[in-house]
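Two complexes are shown next, each including subunit A; its partner changes from subunit B in the first to subunit C in the second.
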Partner chain A sequence: MYGKGILKGLSVTFMRFWNTYWQDAIWAWRRLTTGKKHYGSAEGIAHRSSKNARGIFTVQYPEEKLPVPEEFRYIPFLVFDEGAEGAKEIRCTSCGICAKVCPPQCIWIVRGTDPATGRPRPQPGDFFIDADICMNCGFCSEYCPFDAIKMDHDYEIASYTRNLYDMEKLLKPASYYEGIRPANAAREDEARRAKEAAKAAKAEAAAA
Partner chain B sequence: MTAPASSLTIDLAARFPGAVSADVRPGYGGFIVPAEKLIEVATAIRDEFGYDLLSAVTGVDYIADNKMEVVYHAFKTTGGPAFVFKVQVPRENPVLPSVVNIWRGAEFQEREAWDLLGIKFEGHPDLRRILMWEGFEGHPLRKDWKEPFFEEEVKPFKSRWPDGKHTFAEVKNPFRDNLQFPADFDPEKVTFTDPEEALYKSLKKYHSETRDGIETDHILVNMGPQHPSTHGVFRAVVMLDGETVVSLKPVMGYLHRNHDKIGERNTFLQNMPYTDRLDYFCSMTNNFGYALAVEKLMNIQVPERADYIRVIMSELTRIQNHLIFLGMFLNDLGAMYTPALYAFEERELILDIFEEVAGARMMCNYFRFGGVARDMGEDALRKARELVFDRLPGKVDEMDRLLTENEVLVSRVKGIGYLSAEDAIRTSMTGPMLRASGVPYDIRRADPYSIYDRFDFNVACRPEGDLLARYMVRIDEMRESLKILGQALKQIPAGPIFPGKPQYQVKVPAGESYGRVESPKGELAYYVVSNGKPNPYRYHVRPSSFVNLTSLEQMCIGEKIADFVAILGGIDIVLGELDR
Partner chain C sequence: MENNELNLPGYEIPEDVKNVVAVTTLDRLLNPVYNWGRRSSVWPLMFGLACCAIEMIAAQASRYDLARFGMEVMRPTPRQADLMIVSGTVTKKMVPAIVRLYNQMPEPKYVMAMGACASSGGPFKEGYNVVAGIDKFLPVDVYVPGCPPTPQALMNGLIMLQKKIDKEKISQVRWYRKGHDSVEIPVPILGPDLIDPRRIPDIKAAAAQPVTTPAQAGG
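Up next, the complex of A and B:
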């Protein structure tokens, strides 16, 4: 029968249409009984991006935002440990691996020098990332041996000017890093502690 | 994995004694054919030895030896490894005969070699620039050509560390100071000849004729570069007789950024995120091909779990690419947005997995030489299982129900854009395009890479050779991908995902390699030459969208202009890959 295929297709679109309103009804009931909302709530977004999603699946950005997974990567930042009295202990030693591995070559590092002696010291003198050129590949954080440069989660960086980030803009505390990537930070801390313990044991053995 | 890219089971040197010799450079394979014997040898390779599918034609500039080399990779559509043969010509006057009459699929790639390297192919029907514009000075892939904003031969640049005071590129290297003009070029006195003249001349001639007492003319129509049907900045120049296409030429390169040259400046690892940007729908399979090519050179073994993750990722990529294809193809046919948005919903769920595992939805940059960047966590595996076992099969069926039997769709695509099996092979079609013409050629089966030989799946194939067949092949292929995914997700073992410690500078022994994968759009291959340094000496991409356009004219001739839109949509091109 001519037109059967069209009707079959229309049944699919009708089911989608129906499901959208049916979902609304279900969520209205849920809201009454448990207080959970379909829009503007974490449960609602999780439901709309799960295998059970039915009907309309739009996320109402910017009122709603999809949660970013831990591994999500956007423009890098530099991690510092908070020392006594607010001192910033920058983890970066300005070894330059990130600048060498960077595919679009958007990282610029001035190696630090000791102002008293003029000798190089393991601290960046200056650090620039040209965020307009950065391609968010994550190589810098992947190959940094000191866990000093990490990829951020903040993706809303639109601006009227060029995004050239200097040290001041790039430095973020370790607590921020632990906040956005708890599992990674815990794993790295563990590895660092193990390394230090091994070093201490070795030094002890050498002293004995 | 360890076998060289070419098989030496056929001794071409014995067949042509005195003329053809084996390539004995360390790390290289195949045969070197003298330019004057090329046609004779190539005909024998096709007709006597059965290598009917010419995959890639690559030019390489060996500036130290003062030679240009053209490398041909030919395959049998019945399966098996590549047959590699090369022609070396002097660098000052690189001229060799064209093989277009033997394999028509060489047409665009020979034009590319002429455009980027200045190698002349005698007997080529239409040897014009293809990616750069007419009137461009020089051949950019030659080793002595330098781009504007040139800084150094290779990355990493010395200005970045240890004294990296940031300067903007245009301050350091003002744009006008670094342009190359022809020797006698004077911008004040120049008079332009129409650069399009050669293009229009390549079309069938305008001619007037009188029919039923009325004088009729052919019309020349430029579809694009800005046209909603062309999937980006792509242009087709069409000669029309009324509504019927008489002749057609694709014009491309509007998104050209010379990926190959950037690749030569980069280190091996730095190329990985750039491959994401080729076919931006399928970054995982792009990574896969490049990783395979370099792993062949490095001769390293990939751990079991990493191989499984690679297969899972590329099959998920295939499903989401085909979903997008269905949506966009229907969009081209005029079904605005409903199928496209249904497709996008499922794609979003797949991209969620990519984001969780690789860190980005589209530019995944996930593969490394020897493994993958990160392990696929339990949560991501659970999500993948839920999708593959509970959701996607039903959704593929739903798309099928929504569209396949629709009478409007069927009348629009059935019998349109016919391409016979012989023509498809001759024009080097690959992927769904070739399989829709009845040639069951799938690299996953024909020349298995990674661990594809372990899975049980069918090669989706339809004999009709029209648009409907191309559409159906994609639907079948999604079902087959789900089969593979189901097996991979059940079998995935625990274990390491990377051998040894990740290195940011990899040691790649000198030699050549050709890594190819069955990307959702066809054969995606990388030809990589290493000279032992940290940067590839030559890095060439054989993009499926680019070569698949060879048959566009043939499919369109005799069809209506409105069908051109559908036929182009049916090839499933992505401009990022096409223009590179």
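Up next, the complex of A and C:
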């Protein structure tokens, strides 16, 4: 019989259509009994991403977002530690390693000077990243010896003009970094503490 | 629509008829309708230049589904497209074709620079064969950074474009005006290097200058 293939194909489409509404009914029942939601919740997105998904599996983007993995990387940002009274202790020492390794060379660092003496100090005077050139490779954060520049998770940065980020826009607190990359931050903190302990022990040995 | 958007400023409406009477122009009344129709059916032109196109295809597929924004029909002809998503590296050889496609699109038309290469040339910005950003030739409406932008980042850019369309006014859009802001872009000429016809007067003026060789300048 001719046309069987067409009918078969249409039945697949029809089953998807039917399943979408059938799933809605199932999840409505699930919501009543267990409180789990199909849309706008982590378990709903996880279910729609799994092999058990039936019917529609679209992520309704502006309302719900696909969770990004910890190693997801977008535009870099500068990490600062929060000192006493909200002082920003910027980790960056303006050594320029990130600017040297950056493959598309989108980082520009202005060396900072001490306002009192006018002599250079190990802190960036200004820090520019052309986000429109950045290729999200993450070399800067890999090479940074001070854990000062890290890759961000925020991808909602489309704009009407060119994106040239200055230091004000790039600076984000260490707590934000710990929030988006908890495992990485814990590992780096551990390494830094071990290094400091080793340094202290060495100084003690030299004094004794 | 809010009353303060609808009413023309400078007209005092008595307090007791404020919710009944509105003083407005046809322009103010029609703009929201026009913009709503425009923003809800932005049809992109179906072409991809590089790896960003893969993400654009992913955004178009059912996982992210641009149909929710009225952008499901990607037109393979510029005559029916509203939006040009420049997705990928723009080589000098490709620019004449892209500008020609842009000229063939009917107004209103929008351009989105998707990814680092289209916005600024990205890692190839100093390459001999790559245009450092499509904004050197076309008026870009939205820049989406990323290399490549994820489908969600692209969708964020498209939502930004919808917001921009919402603010448009028929009387002020550039395609209904003449002169400098006109929509017709002269097609670049590809020779040994790329020539922008808009710069030909400058080039001719520079060529008309008397040539001074270093020897003459020195002696």
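Points worth noting:
Rule of thumb we're sticking to: the second predicted complex is superposed on the first by the 180 of 208 C-alpha atoms of A that agree within 3 Å, B and C clash if a C-alpha of one lies under 4 Å from a C-alpha of the other, contacts with A are read in each partner's own complex, and residues count from 1 in each chain.
Just so it is clear, a contact is a pair of C-beta atoms (placed from the backbone, for glycine too) under 8 Å apart; a residue touches a chain by one contact, two chains touch by 3 or more.
Computed from a predicted structure; not experimentally measured.
Once the two complexes are laid over each other on the shared chain, residue contacts for A:Ile90 go to neither subunit B nor subunit C.
In the superposition on chain A, A:Gly5 contacts subunit B only, with no contact to subunit C. Shared-chain residue A:Ala148: touches no atom of subunit B or subunit C.
A count of residues in subunit A touched by subunit B and by subunit C gives the higher number to B.
Contacts of A:Ile75 after superposition: subunit C is touched, whereas subunit B is not reached. When the two structures are aligned on the shared chain, A:Met135 is found in touch with subunit B and with subunit C. In the superposed pair of complexes, A:Ile45 makes contact with neither subunit B nor subunit C. In the superposed model, A:Thr161 lies in contact with subunit C only, and not with subunit B. When the two structures are aligned on the shared chain, A:Gln60 is found in touch with subunit C, with no touch to subunit B.
By the touch criterion defined above, A:Val101 reaches subunit B but does not reach subunit C.
Shared interface residues of subunit A (contacting subunit B in one complex, subunit C in the other): 57, 103, 130, 135-137, 162. Remark: subunit B residues 155-157, 159-166, 168, 266-267, 269-274, 338, 342, 345, 348-349, 352, 355-360, 363, 365, 373-374, 383, 386-387, 390-391, 398, 401-410, 502, 504 touch subunit A in the complex. By the touch criterion stated above, subunit A contacts subunit C in their complex at residues 56-62, 65-66, 74-75, 103-104, 130-137, 155-163.
Within the complex formed with subunit B, the residues of subunit A that make contact are 2-6, 8-9, 11-13, 16, 49-51, 53, 57, 68-69, 71-73, 94, 96-97, 99-103, 105, 107-111, 120, 126, 128, 130, 135-139, 142-143, 151, 162, 164. Only residues 62-65, 68, 113, 116, 119-123, 125, 133, 135, 141-147, 149-150, 152-153, 155-157, 159-160, 164 of subunit C touch subunit A when the two sit together in their complex.
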